[in-house]
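As written, the chains take the letters A, B, C, D and E, and residue 1 is the first residue of each chain.
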């Protein structure tokens, strides 16, 4: 039983990391209708920035956490101002390609600045655990879950109460009509890229914390987040979190139980598993668990 | 502004010419001459790059039929390329079928597998479909790794299938007492196939099935209402596109001699698929010529950058400098993608049209 | 429908002198090649309703795009001329900035946000406003004006019928509490009763001091509401004058109102077969 | 152009070798196909550096046979099979041989073409199946041997006798090679076999695997790559998994020694790898390397891959010397030289490898067992517990013909 | 002045029979027990307030919506549950209230798509070009050119239709529907956004098509002058229910219709 609970806890922790990455995708998608392939790059950049704040410049960790988030937002805004704003109104395809170009750039800039070797983040959480009722929970995971909760709450408040919330969605649906309502598309995009950058930086930091290390392959988590965002629904923050948790838990569970009970599924099945779950869910609900159906009326 | 030539059009047939003006005819003749002479004048290394460009061009034409013309976004192209490569290994290498049999058979197998995926596209749309198709890459990798009898598992399998058309063996070409290298021969072969595929694709898109695909892209419900079956054209576009991907895969096998899941599955597969998307976007979405041009650029540019940066000194770049030459090459590549899009978001073909329009209206343009 | 008010009707505020919108000598080209407007001048006096008539493709929508700063989205550019709003040039301003200064529009083709609910559409319309109570009042008024919308507050706007969407588009523009309202065929696809109602709404808004530039194919309604009118023909202003003048114009009657302008003399659509149109007034 | 300008002009017997692809009569050019960017560059960069440093040292002494300096043409494979093939096409007429190629998939991808070209390459991967490949010049003990030595050390000197061994291996050729070794060792050594867990190479969360190993294992054999090991050891340390880890060389990365993971590894981890402890100048091969490193790459931190690259270059130089001696630096000439090469002694750095005709080749059998010391930055946190250890079991291992 | 409305053809069964069609979306009843017939060669109009369900009827007729109950027959054949493409192939064409053109294609290509179901070229023949594909292209293009001529679309013929003015797009829609050579033509607000002159043009095209091709039509329109002038019979819907059916004159004077839809004007 504790085995199972332990697995569940690790699954939730993994899921929380996925969720955080996925939330970054969701903002951009909601505002621009674009899947941001550079999101993983932003995460990596966030992790390295955290390293700089804490290790190189000696900022206390929790302050570094805040600064990293802000710096992440700055990176998002910078990318928007330098490149993306030229693409307001271009078809999503082009912007997606652009984010791929950005990813290629970030992938090269990071090792050029920090080197290719993994670096220690030096977070106070480390491998510390708490063990309520015999279940080991990593402190860093608790923090990750906490950060996810805060970000999610922030998202809800933002989309519910801020004018920007509606403005973002309106912009994504019909840019021209949104501009005609006085919605400043440039600002909407800048805000959403900043938020995406902020969330990504936090995601990068949590991925590097807890002994993971600041390393280039943090970027790969973004790949795993693809099924997560689709599963929850591309435009749904709640869905991102639900999808993240679902996939996290399913992956950890299948890692343990598939080799024991379903060997016929072949070696390395847990890696494929998120995609299998995703495909099954999509066949039942083509817009994910919480995604909004595209309106099509004639 | 209408082109002066079109003013003289009097019968509908005249609008249907593939090469409406003498300029086009001259251009095609020029291409043929280039095709014939390039292998004589380029090094084997570049011929290899160009053969890969040609392989990519076939795949990109396929993807453009699906994405550019039918509006279905797929990132599973690498998967279908893999299907082609493995099928070619099976039919061409292990069963030793001749080129003129195994290549079309590869198309058929790819098309069948693609058609199986088509129904997913009817249910799941747009970006959701794109990511669903990534799932296919991972599941594909899983299959390729585990189904060892067909794929050779992780180490992969030999794919040097026969490349002879009748007495002409392009892998070992001897013509008029002159021997040509494998890479020369393969250049001729691959680009011959590119030309044929491009012509067939061009014909498809300008006739009934092609129009139907575009109708589905522009407005699927309306298409259905005017009598264009969404299901039929979406599925057949998938079949067509994956069939061509498979042909590309088969030829890739001939060029590469060996394939393994490391070429196509999971993350490398995603990278490859993304490259194909890059080809059609950078070349020009919804045009056959754009797909070919995009393929050449996307495949060859990294090599060109490599050659250039190897021979010029760049500040801050190189051994002992902050930026390694290799990182720099990739940065340039990324920057080129971005700059191209900034300059011409609709791709090279659109840029070309713009240049043409400029010259046509030249005395008037300001 | 019957024209209820004219320019000389006492019920409508007399337009003040200074134009709120002034378009002078405007030329617009699309894609650097198609000239859609050539030397168009037009002005909307503060507090006035100005009607803009014209055949399909005359350039009416283009003119509104130029005024609201949305030309760029369509690959259009202003080749020459100037546009001033409230005396200040707005030729280079961003659409959002223009709306913020007090201009709202009903766009051609409705362009409601299909995936948003009716309520969210209206909230988006009020984006530039900060006064919460004002927004709430405007919201209540729209709901009162179009009870259908109130019924379907939470449903996705894109699923509603064409006419319902048109009502939403109008409601959304009203949420911005503009000083100048641009209407691109507001009566499009609306039932006769609703068209009548829209006419009343426009008049009422105008009484509240809002200037209106009205593009309409329903010339009867448009000239009934307007003080001034312009007729656009292949990118040029072909005619202009007070609404009463225009209604009396024989060309206008022929092409927009139905021969004679009155009800009795209207040609039946059944008898068109042999009918030969008079040559156009413009070159 | 266009023709394969392969094939040297008239092999001059025993005289100066004729000019050929990659040899202009003065300088010998070698190719390198290795990840210089991307995630795998953690390995590729130091590996290449090691080779470069060796050749700088050699060139300072005049070069191969004292007269032919060596140049490296480095191509970035990005660890991608497709790119590597193009790298190879680019290099094949510019180089005498491939001095280093990294990655099993990458090597597989170009092997066919190399056969067609008679090209020789030295893979930086320790797969046993390559021992008998006529086109390849592997160095050091293959993974199987590393595994057998590691386990043998555990059983004979590490208190593992009669205990249960589990295994955690990445689901690829490398993992398979490791497990081959485990299987072989099991026949010869006194330990019980517990669970064998395999994981997909891109796994990033190891909680389920760690939990599977949490009962019934005294030791766990590990075949993973650095990024996986990082995640894995974090989880293992958090779960306080009390087992003895025995990892193959590629599991290691310096970051493992930092923080709480380091503390855990200090007590729980042995690394079975080739070569002596960094800076152990009592071993002549290491002494030579350290001297060159101080001279040509003073900033280089202790690094297993650097040392490997250095030894690899050392071996390649021996092959080239043989080829020069035979007077033929053509691709075919190098193949022939490889068949005649005989034993290359790396002076303790990576064992003695007997080359020659494929069927007679015999890899070295020595493996060094390292333990982790988080305080010992000067040796790259790896202390040799047993240097160049050869187990009896390893001697019995037969390589597939 | 106006010719008397044409009598619905007595002989034989009607072309279209709609009986007791009911359509619901969640809680919203879009149509409740709607029944009507359209005779061969008849021009049948459907009017009603916004949201009454007019477009929904069209959507049911060509298979876009699937009513929960009722029956729809075309020439005696039950077409309920068939796919839109199949119904189109049976000769039902339509124009869309919100425009359903293929925006990136030019005018002729749009019209050619109307002829899709009349052509046979498949992928293979298309790819080969010589033979059937070429023959069909030539023949059908010629027909489309006639329609271009008829509807005065010449000036726009090779522009992507997304860039032509709204009113012209409506004309292209009509053209595409005519290109389908339908038996039954469904027109959804064909003159919305047109001035009087253009409305007259459109009326001429519609009446001309009816005369020359003998198509039956169902017309949905808010322009009462047009409806009352050219329709043979009119059905009035309100909240998804039929509140009146009859000749224009009958309907125009029906108090329920005036209250729900027309108002005092007209």
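Of note:
Just so it is clear, a contact is a pair of C-beta atoms (placed from the backbone, for glycine too) under 8 Å apart; a residue touches a chain by one contact, two chains touch by 3 or more.
From a predicted model like this one, the values you see are computed outputs, not experimental measurements.
Note on connectivity: the fewest chain-to-chain touch steps from chain C to chain E number 1. Common neighbours of chain B and chain D, by the contact definition above: A.
Ranking every chain by how far its Cα centroid lies from the centroid of chain A, the top place goes to E. For the interfaces A-E and A-B, the C-beta contact count is higher for A-B. In terms of their C-alpha centroids, the spacing between chain C and chain D amounts to 76 Å.
Centre-to-centre separation of chain A and chain C, using mean CA positions: 45 Å.
Rounded to whole angstrom units, the spacing between the C-alpha centres of chain B and chain E is 42. If each chain is reduced to the centroid of its CA atoms, chain A and chain D end up 36 Å from each other.
Those residues of chain A in touch with two or more other chains are numbered 107-108, 111, 220, 267-268, 271, 294, 296-298.
Shared interface positions of chain E, defined as residues touching 2 or more other chains, are 55, 64, 96-98, 100. Shared interface positions of chain D, defined as residues touching 2 or more other chains, are 37, 45, 171, 202. Against chain C, the residues of chain E that register as touching in their complex are 1-3, 25, 48-52, 54-56, 97-99, 163-168, 189, 192-200, 203-204, 207-208, 222, 224-226, 229-230, 261-263, 265-266. Contacts from chain E toward chain B in the complex involve residues 62, 64, 83-85, 88-89, 93-94, 96, 100-105, 109, 112-114, 116-117, 119-123, 125-129, 133-134, 136-138, 141-142, 145, 158, 176, 180. On the side of chain D, the complex with chain A involves touching residues 37-39, 41-42, 45, 171, 197-205, 207-209, 211-212, 214, 226-227, 230-231, 233-235, 237-239, 253-255, 258-261, 264. Across the complex, chain A is touched by residues 68-70, 73, 94-100, 104-105, 107, 111-116, 120-121, 123-125, 127-128, 156-159, 172, 176 of chain C. Here chain A touches chain B in the complex through residues 29, 33, 35, 37, 83, 86-87, 90-94, 96-98, 100-105, 107-109, 111-113, 220, 223, 226-227, 229-230, 234, 266-269, 271-272, 275-276, 278-279, 282-283, 286-288, 291, 294, 296, 298, going by the rule given at the top.
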